[in-house]
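For reference, the structures are reproduced in the following blocks.
Next come two complexes, and both contain chain A; in the first it sits with chain B, in the second with chain C.
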Partner chain A sequence: MFKAVVQDAKIWKNLLTAISTLIEEADFNTSEDGLKLRSMDPSHVAMVDFEWSKEAFEEYVCDKPTNIRVNITTMLKLLRRSKSEESLEISYDEERKKVDLTLRGKILKKFTMPTLESVEEEVPTPKLSFNARVKLMSETLKEIVEDSETVSDNISFKAKEDKLFVKASSELSNVGMELSKTDGALLELDIKEDSDATFNLNYFGEMVKAGSATSEVATIEFSTNMPIRLEFEMSQQGKLMYYLAPRIEAE
Partner chain B sequence: MSKLISWNEWIGSKYYSNNQVYKSNQINLLKNSNSKTCLICRGGKLLCGKIRCPVIAKAEALLKLKTTVDNQLIQGSTPPAVFVGRIGYPKINIGPMIPPFFGDTEILDTPELWMGKKIEDILDYRFSLIRGKSRSDIFEAQNPGKLLGELQELAMGKQPVDTEATFKKKPNSVLALNEYSPPFGPSAPLKTFKTANVSVDSRIEKNFNDTDMTASDSIYSLYNAGVLITRIQRTFSLGMFGLSKRRKLVPTRWGITAVDSTLSKRLVKEVKQFPTIDEYQVFTFTNIGNIYAAIFIPERWSFEWIEAWYPKTFWNLLGQSPELMGDFEPYEGRSTYASVGGCYYSARLALAEKLKKDRRQATGLILREIHPEYTLPVGVWNVRESIRALLKTKPMKFDTFPKAMSHALKELTIPANDWAGNSKIMRDALFQKKISQYFHRSKNEIS
Partner chain C sequence: MRGKSIAIDALNAIYQFLSIIRKPDGALLKDRSGRITSHLSGLLYRNSNLIEKGIKPIYVFDGKPPHLKKTEILRRKEIRTKARIKYKDALEKGDIKRAKTYAQATSKLEDYMIDDSKILLTLMGIPWVQAPSEGEAQAAHITRSGNSDYCGSQDYDSLLFGAPRLIRNMTITGKRKLPRRKAYVEVIPEIIELGKLLEKLEITREQLVDIGILLGTDFNPKGFKGIGPKRALKLIRKFGSFEKISKSMDLESSFDIQQIREIFLNPKVNDEYQIKWGIPDNEGTLKFLCEQRSFSENRVKKALSRLTEGLSEIKRNVTLETFF
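Up next is the complex of A and B:
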């Protein structure tokens, strides 16, 4: 049997929103230690890697590892009904193959939704090492993304010396930004080697916007023409991580 | 402040009746129009600042019939064909279209039968249809008068219907062109109209009588029942579907795209349920001065349609080099009207139809080159039927996008860079890496 209680349903709603930017259906892997979800978007360009340890839950019971595949969009639709100060209980009934979502507030609401046949093979994590690591406020990252979106579909990051340079350009216009620790824009900046890479803003923008709701602090890690890793730190024992493959225009 | 440019080779002397008036094959376009103005406007937005599209006006002038209908009485079998005008909306003209002869006239108003026909043939069909015009109001669909009632019954007809019309004056000898619908022939104000009994298509009649069904549901169910798109468009235009209180007449040229757009949207929704294709597929097809190529990419649904108009083609008369223009929609679809107009939706319909038949989804990139042999815009049916034909050819299969692309380029004449500059799907396919490429540690990585 599987049962988990989250004190604030809103947290779970935000997390699911963040996951749903990339995928519609996915397997939650539940085990004694907690809950994991790792899945690529249908085009295999990006990946979400999500983990919540059992300590992060108010209550957590899982007597054997199970894969529960659900339609994230459906689950999110039900969770959108949650109000502030409602707690959420997620439980899985193996016999009925149904997931129950119970919202406890003034009214006790129990939503039941179907699960799907688990088909996904386990997705490996990309084997990557990063030469640049930047920690900044989620709000700052969101601002960068929104500024870039005004001119382009792509965003380029360049880490050099003690600065992070952001560039977005289209045929006619472009925007350039400079961020450093001394100016207070960055919390941490760690560069092993100058790095420069470009990413699709449709993906990156969605990730940043949805992820920002889950955490105040974000970390991006990248190397020249390699995938980027975007991590949102959780106050509790959980992590939300995205990977996005680069765009390389000069072959 | 005008610029004179030469018209391209015309389509045979048969239609030159006004040679005295139009001695020079030249068209006046305002100087401030650039080479892309016409392509963006296509006679619809009047971006050059003239009250009428000079390109269409000139073409129509050149195409005046030598022999005119010299009679205020027309008797003949209508295919059945009807017309709903756009000028004066919401007070518009409606009326039947009748050829001056009897027999099986279905082909005159059935673009599904026109693949492989020459432009001259299509003009002949359209010239032979005399259009009667009578004033109506779009809301008349909620309470049809005598003429509209007769037209609606006619439009449901399974086969050509014998009719007789008298006009208030002799029909003019104009051929009216536009980007969306097939050309329209001579017209005159309608005085009287009589039809023989019509044997109606019961599938259409059932939807016509159902005033609780939305227009969208009706046209989709008719499409799935195998009713020709032309017939759906014809009946839709006459305001024959939808909730009783919401029925309206829809100008023919708007109705065509409304039906293409609605049908393709519903088909795409179904297509998204299917698994993606397994490899890259390339289709190519050539038809009256048009070269088409479709590249299917093994990813979830999205669609891009790009047209390249050569210099001296209808919408690029001014240009020195081919002009490219296109539109794209991601998986989620698009919320704004495509800038290229109705052809986008016709192409999307043909593509979605093919994918649904294969029970697969894919990202579809469809490219079209328009060469000067394609002298006139004959309507968006040409795009729909050509892409249907294109996707009926046997595809070549490839394991990478560059291989698929280079095969398509063998048939096309515009170079890869020009396409890529205008194609989001192509740039993504060439430049965007996959995260799955990084699951195994590569040798040049620092450990």
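Up next is the complex of A and C:
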């Protein structure tokens, strides 16, 4: 059997929102230690890697590893009106092949939703090393994204010396930004090697906006013309990471 | 659909071009020396449109047809011969409209058209794959192996070959002329997912193949008299397989059912193929189409510039797997 209780239903709702920016259906892999979800978006440009250890739950029971495939959009729809003061219990009934979502607040609400046939989907393990690591407030990252969105569909990051340079340009206009620790824009900056890469802003923007709701602090890691990793730290024992492939200019 | 790839049954597409891309009296487009070029025009413009929208086509060419297809090939030949006689008759009588209708049924694929199509695709930087046998089987195989997102064909056969996702009705204009009328209907691309289809019908793929055989396939064109789609589904659900239906209804079949099943379920396919979208060879394409096949330079240049921009945009968007 599988049963997990989240104290604050809204946190779960925000996490689901963050996952649903990329994918519609996915497998939750449950085990004794916690819950994992890793899936690529249909065009294989981006990936979400989500993990919540059992300690992050108020209560967690899982007697055998199970893959529970659900439609994330459906689950999100059911929980759309959940509130912070409600707790959420997620349980899976193997025989009925249904997921029950129980919200406990002033009213006890129990939603039931179907699970989906597990499809054999190979999700590769990302093996990447990064030359630049930048830690900053989620709000700061959101600001960079929103400013870039005013001029372009792409965003470029460049890490050099003690600064992070952000650039977005279209045919007619462009924006350049400079962030450093000394100016207070960055929390941490580690550069092993100068790095420079460009990403699709539709994807990156969505990730940043949805991820920001789950954490106040964000970390981005990248290398020249390699995928970027965007991580949102959570105070509890969990992590939400995104990977996004770079855009590479054709020679 | 942006970013999605489609394995297109090449001959199916070329036939479509040969029947649609014609002058008002039904004559095909030809170059100075009389070679037909309707299919080249179709390939150039449809692909520029698809690629401009970020959709990545892969063309799959038929190889040697299975022996069992002989009857069907002869049947098609007969239709063409009859249509050709009627076309000539209509032309002689000056009935242009009727002539065009018959002309569309005369389309015959010559080897040089296939060669020309392959040359053009290569010049345009679009990948094509040679199937050992049926093109739709190879396209389904490529899609099942995850090297393409969809199969593109007008024939439902693709589903029998196991195509997980089929797209029908890919057109340039988004509309199609109704036969023998001056009216157009809007054509919306149709996506069929095999898994969902089987789930909805509550049958297996093997049973879907049996339904196909009951209705008639390229390998037993006649099917069975009095059995339409609804009845076939009902029978399969009731009896489970062709053999059991055949036994209880005393169906007479002159063909080897097991052989036809094999063609659909275990078709001859090729694993040695490469799928890569390149950068179009502008100079080469212009030389081939304008100098050798009498295309208008202006129009080809316009199509090429859309193609080049589209292909370089495709190249900029790499997938994550490239790095893992």
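FYI, the second predicted complex is superposed on the first by the 248 of 251 C-alpha atoms of A that agree within 3 Å, B and C clash if a C-alpha of one lies under 4 Å from a C-alpha of the other, contacts with A are read in each partner's own complex, and residues count from 1 in each chain.
Convention: a contact is a pair of C-beta atoms (placed from the backbone, for glycine too) under 8 Å apart; a residue touches a chain by one contact, two chains touch by 3 or more.
No experiment lies behind these values; they were computed from the predicted model shown.
Participant: Looking at the overlay, does A:M40 come into contact with chain B only (first), chain C only (second), both, or neither?
Facilitator: A:M40 contacts both chain B and chain C.
Participant: Where does A:I248 make contact in the superposed view: on chain B (first), on chain C (second), on both, or on neither?
Facilitator: Touch partners of A:I248: chain B and chain C.
Participant: Please work out whether A:P227 is in contact with chain B alone, chain C alone, both, or neither, and reply first, second, both or neither.
Facilitator: Both partners, chain B and chain C.
Participant: For A:S84, decide between first (touching chain B), second (touching chain C), both and neither.
Facilitator: The answer is neither, since A:S84 touches no partner chain.
Participant: Is A:T182 contacted by the first partner chain B, the second partner chain C, both or neither?
Facilitator: neither
Participant: Do any residues of chain A touch both chain B and chain C, and if so, which are they?
Facilitator: 40, 42-47, 124-128, 200, 226-227, 243-249
Participant: How about chain A: which of its residues touch chain B in the complex?
Facilitator: 40, 42-47, 124-129, 131, 153, 200, 202, 226-227, 243-249, 251
Participant: Given the complex with chain A, which residues does chain B contribute to the contact?
Facilitator: 276, 299-300, 330-331, 424, 428, 430-441, 445-447
Participant: Provide the residue numbers of chain C that touch chain A in the complex, in ascending order.
Facilitator: Checking each residue of chain C against chain A gives 2-4, 149, 279, 312, 315-324.
Participant: Quick check: in the complex, which residue numbers of chain A touch chain C?
Facilitator: Contact set of chain A toward chain C: 40, 42-47, 124-128, 200, 226-227, 243-250.
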